[in-house]
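Below: a set of structures, written as structure tokens.
Below are two complexes that have chain A in common, paired first with chain B and then with chain C.
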Partner chain A sequence: MDAATLSSVLQGGIVLGALYALMATGLSLVWTTLGIFNFAHGAFIALGAYIAWQFSSVDAWGLPLFPAILLTLAVMFAVGALMYFLLVKPFERRADVVLISVITTLAASAILENGLLLIWGPRSKQIPSLGSGEVALGQISLATSEIILLALVLAILLGLGLFLRYARPGRIMRAVSQNREAAELLGLNVPLYFAIAFGLSAATAGLAGVFVGTIRFMNPEMGTEPLMKALIVVIFGGVARFSSPLYAAFIIGMLEAFSIYVLGLYWAPAVLFITMIVVLLLKPEGLFGNHQRTL
Partner chain B sequence: MTEPILSVRGMSKRFGGLQAVQDVSFDVTSGQIFGIAGPNGSGKSTLFNIITRVPFGANAGSVTLEGREMHRLRADAIALAGIGRTFQRENVFSALSAIDNVLVAVESQARALGFPQKVARAEKMLDLVGYPPTMHNMLAGNLPVYYRKLLMIASSLALKPRVLLMDEPASSLTGPEIDNMKEVILAIRGEGIAIVLIEHVLSLLMEVSDTLLVLDQGQVIAQGLPGDVIKDPEVVEAYLGGAYV
Partner chain C sequence: MRYDPPLHKTQGLVPLLIALAALIAYPFVFEATYFRHVIILAFVFAIVATSWDLSLGYGGLFNFAHVGLFAVGIYTYSILAKTLGFSPWLSILAGGGTAALVALLISLPVLRLDGIYVILVTIALSQLIYFIVISWSDVTGGTSGMVTLPTLKIGDYRLSKDGRIGYYFVGLGLLVANLAFLYLLTRSRLGRAIVALRDNKYYAIARGVSEARTRALTLMASAVFTGMAGAFYAAYLRVASPDAFGIGFLTVLLSILLVGGTGTIWGPVIAAFVISVLSEWLAGFGAWQNIIIASAIILVVVFYPGGLWAAVQELREAVDALRTSLLARWRRREVRAREDRLNAKERFIETRHGLIAIADTGDKGKPALLFLHGNSACKEAFYKQFHAFRDMYRVISFDFPGHGVSSNGDPETAYNIAAYAEIAEAVLEDSNVADVRVIGWSLGGYVGLELAARANVEVQALAIAGTPPLNQVPIDFGRGYNPDSHLVLASKQYFSRQEASDFGNSATAPVSEDSAFLHRNLRRTDGRARLYMIGKLGIIDWPRQMRMLSQGKFPFALLSGSDDPFLNHDYIARLRYGNLWRGIPQDIPGGKHAPFFNKPDEFNMRLLAFLHDAERDRGDEKENTREIDREIDRDPGLGH
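Coming up: the complex of A and B.
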């Protein structure tokens, strides 16, 4: 492998890692707060992409891209919060809430994907690129759009981390995720904070969808494969902490990029799943996890 | 007669075929320590559960705090209205520091305060229960049992409750720690807060309670001055069996 190829593979791995980090963070946020897996996360990715297309495309409302992204985030937050009240809250006191939420979120996923098909049709769409041209760093040249994507993802994940660590709602969400009963007894409106967690999760998924939509063609099932990858990242890194999937995302991104180069596109998922199974066998709580889930 | 601050009327809770609490009524006056005793499984903690609606409400009955109906409110609204509660197990936010645990409560009760004032109030609550300042930044999950209990009590006090329901604060504690806990309970009463106290350590319960209520199989079998109640034959039978009566 020559230097240019290595650079290209590394670049691909970093971009994939950033996207997976964004997707897995949302998934992990819902798991660490509510203790359920949201199988509609993939549909949220697609929904975010389509909403951003609606706001930004010259064939639709034609807003500039960055205001369109901000509006998409707001809509996705509202959709996520609404989904919590419709899909999870009615069942959250039941002992089998984990199983029920698998069914309700899978149902929501099917409904959302078919809704996308109904509203926007089957024709592939693409969101305008985040930037054009390339930036040369010595012998390596990087696409401006990838640099912007990477910077935005890192800034958003850092902001989310700081929000959870230092902001009042973040501290309360950490408290609620650790001990629901104690939180209620300290006067905290637990469903409200669960809805915020779901909303933030949907917003990050939607943002990931927007970024995917800028580099690939969109279709209503575009979130299915990223959901699988996000699941691998979350299980690989550990579902216990908010930060665990972040490290895992970049490792998985790199692994996928090198697997594609060495073994080919079709073998890359097998490599990822085998890696996940090995991690589950050797360290079931994930590489960076512990047995207690907490933000 | 003094007006009750907390009135519990006809509270009942059924789990399928099991009547866990049946038609329990009592009044608590301001600054009073109201003890509740009873054998294991007699419905004491369930009674606290249905008063606070954590994790479930009652099938029947009502709770009023200073004349305001509580039983239709959400659990968090009941807590903010003035009914605090601590658990038998140390129910803290284990991945937050001690001071952050109390801050969560301060922030839900006094949103308008500036952050330094909130921290000051959290520190005051920790001081009130005798929690050492050197341990403010320790993670709650790493604290010994006694300090986790103090932390849980300080968090409840940060809501400025009118009544504090304490579920076995002395369980799992050593002798000296039980003595300290007694001082904490009396200090809370000294702040004008009424206390409803469930306790298996009978010496502690007898020493601090002004009134004692005994539950057996979900029903009130005795209520009155602790010295009188403890001699009640029905109470002795509930605790020790018929052979001792």
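Coming up: the complex of A and C.
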């Protein structure tokens, strides 16, 4: 492996890692606050991409890209909150909420994906690129779009992290996730904050979808694979801290980039799933986890 | 103890045989090949869904690798039958074997995990199988799959001939074998261990259920027929493609399982046919097909968590309630026969819990006796006492709601011991009876105890037959009764003919000219009365009854049969009574659960003696009370 290949593999790994970090953060946000897994997260990714396309594409409403992304985030937030009230809240108090929410979110995912197919049709689409041209850094040249993507992801994750750590709603969300009963006793409106968590999760998924849509062609099932990757990342890193899926995302991104290089496109996912199973077996709480789940 | 008779003794047998006969006759009656194809697919779905239910519904294992096991069956068949040239029939069996083997591998990580992690690891494993299949393209054909797989043949006859009739019967045979396997398994020791682990893991482990072995066997057992169904599916469609892993297939299976109802065998079978037909019918609507199926899943989970099977049960309950209610209404016209049997007037009163039939000899001057009948019986059970006691006493009895010719009540409120006691109060009030001697039999014994404990009417004496008084429910239930008897039927909602006669024989008397009317009455009883009465034992303040008995405020007699098949006589004798007639339980020699019926003379003699003694005691007690009053007058401190 020469230096140029290494750098391009590394570069691919970093971009993948950033995308996975965004997806996994959204997934773990819901898991840590509500204790359930949202299997519609992949469909959220696809939905976000299609909504952004609708706002930004010259074939549709033709807004500039960045306002379009902001509008997409707002819509996705609303979709996520709505989904919480429709599909999770009714079962919250049932003992088998974990299984039921898997079932309802899987069903929601089927509804969303087929809805996308009905509304936007099966033809592949693409969102305009985030930027054009390349930036040379010594010997390595990076695409501007990738730099923008990286910067945006890191900024947003940093913002989300600060929000959860210092902002009042963020602190309340952490409180709610740590001890729901105590939070309720303090008079906090728990369902509202659960809805906010779901909305934020959907918004980050949508943003990930936008980014995926600028890199690859979009189709209604485009979220399935990222969902699995996000799952692997969350399992791998655990959800002990807000930051643990971030490290895990970059490790998994690198692992994937290198396995694709070494084993080929087809065997790389198998390596990732084996990694996930091994981690689940040896350390179910994740590599950076302790037994407690909290934001 | 759960009552669980073998299939041929339940009422399920006849509908099952009818359904099987219909499925066997179907291809000879209808020629349409396309619909036959849909039904063959429904067989496959039914097998996979019911097998999945074994681990997901019965075992409570969140196993989401089931679709992967199905695909393992498909590819086992494809590789063995096509690439390696094995016999297709053997390849189908081998499909079950490899799927079970893979399930054993899956069980290894599952054993270490719990809850959501099981879902995650099984999804990961199923994805792993998927990626192995599409990556290992030399063997599996990769994303393009394998085509022109060998077809099934018997001799030279290809099963696809004659409109696939051969495949139809192989599929049906596989389904029947699968159902028989699951049915026997769920009723076996292993099946009970599976359910026990789901319901209370730590208790089950403490009772000696091996978690690891049971979980592994659960997954393997649920894989065997899934793998065979996959192999059959491949042999039938003659293609193997990785689409089988798709979310669409998973959604259809999940909807079959949920719409049918988890934790049952027959629900998913019914649902497999409904959903297959529905989904074929919806296939013309493109993307709407999946949207509608997914919405159906959500709607079922939100509004009807029990699924189709629960709907079938509700329908059955409604039909049975209508039947018993109409039967009671019809039998009300036979008032003459009942009045002749009891030699007493029958009248009806409207109570909070419905229309209640009362039999009353009506001599207002005589002291009143109230007889309370047992579970699934009626007031006429006491006809021998009506005749024996009418000269000296006013004899009253009535039918509980849902029994005899009283109307059916609201199961939530009317079918419990407290409601029966409340009705007894209403009956006494309607009869203008102020103080009463109560004789309660079995369930009626508890009603009598509750009536006395409520203290709204003055109970001057209480005799119970076939009733162990209870202090802690349900623990004392296990102590007071003999579990080997037909007692388990006392809470069963629907009786088959055999069960009705078993229960009637044990609870009253074997069928004879004398007891035929009791057996005839038994089938009128609203099944919900049995179910809800037992279910609502918890609403009774049992310790209050026991305190009352140990305080001994009124004479109390135990007049059980010595050969009562339901009772644990030692338990009854050990309890503390404050004012027990003759100090010990007075067992009627040779008496069964209804000693007043099969040993009427001995019973009546004792009852009469008890009533006399009670009368005398009350006289003494009045003097006692006067003495105590005098004591209190002398020393005011005693009053506190």
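As a working rule, the second predicted complex is superposed on the first by the 293 of 295 C-alpha atoms of A that agree within 3 Å, B and C clash if a C-alpha of one lies under 4 Å from a C-alpha of the other, contacts with A are read in each partner's own complex, and residues count from 1 in each chain.
In the analysis below, contacts are C-beta pairs under 8 Å (C-beta built on N, C-alpha and C of every residue); 3 or more make two chains touch, one makes a residue touch a chain.
Quick caveat: nothing in here was measured; it's all calculated off a predicted structure.
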Touch test for A:Val79: chain B only (first), chain C only (second), both, or neither? neither
What is the contact status of A:Ala18 with respect to chain B (first) and chain C (second): first, second, both, or neither? neither
Can A:Ser109 be said to touch chain B (first), chain C (second), both, or neither? second
Of chain B and chain C, the chain that contacts the larger number of chain A residues: C
Is A:Leu27 touching anything from chain B or chain C once the two structures are fitted on A? First, second, both or neither. neither
Which holds for A:Thr224: it touches chain B only (first), chain C only (second), both, or neither? second
Which of the two partners, first being chain B and second being chain C, lies in contact with A:Leu157: first, second, both, or neither? neither
Is A:Gln178 touching the first partner chain B, the second partner chain C, both, or neither of them? first
Which residues of chain B touch chain A in their complex? 52, 54-56, 74-77, 79-80, 84-85, 87, 91-96, 100-101, 103-105, 107-109, 152, 155-156, 158-159
Of chain C, residues touching chain A in the complex: 62, 64, 109, 112-113, 115-117, 119-121, 123-125, 127-128, 131-132, 134-135, 137, 142, 247-248, 250-251, 254, 258, 286-291, 293-295, 297-298, 301-302
List of chain A residues in touch with chain B within their complex: 93, 168, 171-172, 174-175, 178-179, 181-190, 292, 294-295
Mind listing the chain A positions that touch chain C in their complex? 35-37, 87, 90-91, 98-100, 102-104, 106-111, 113-115, 117-118, 224, 228, 231-232, 235, 264, 266-267, 269-270, 273-274, 276-277, 280-281, 284
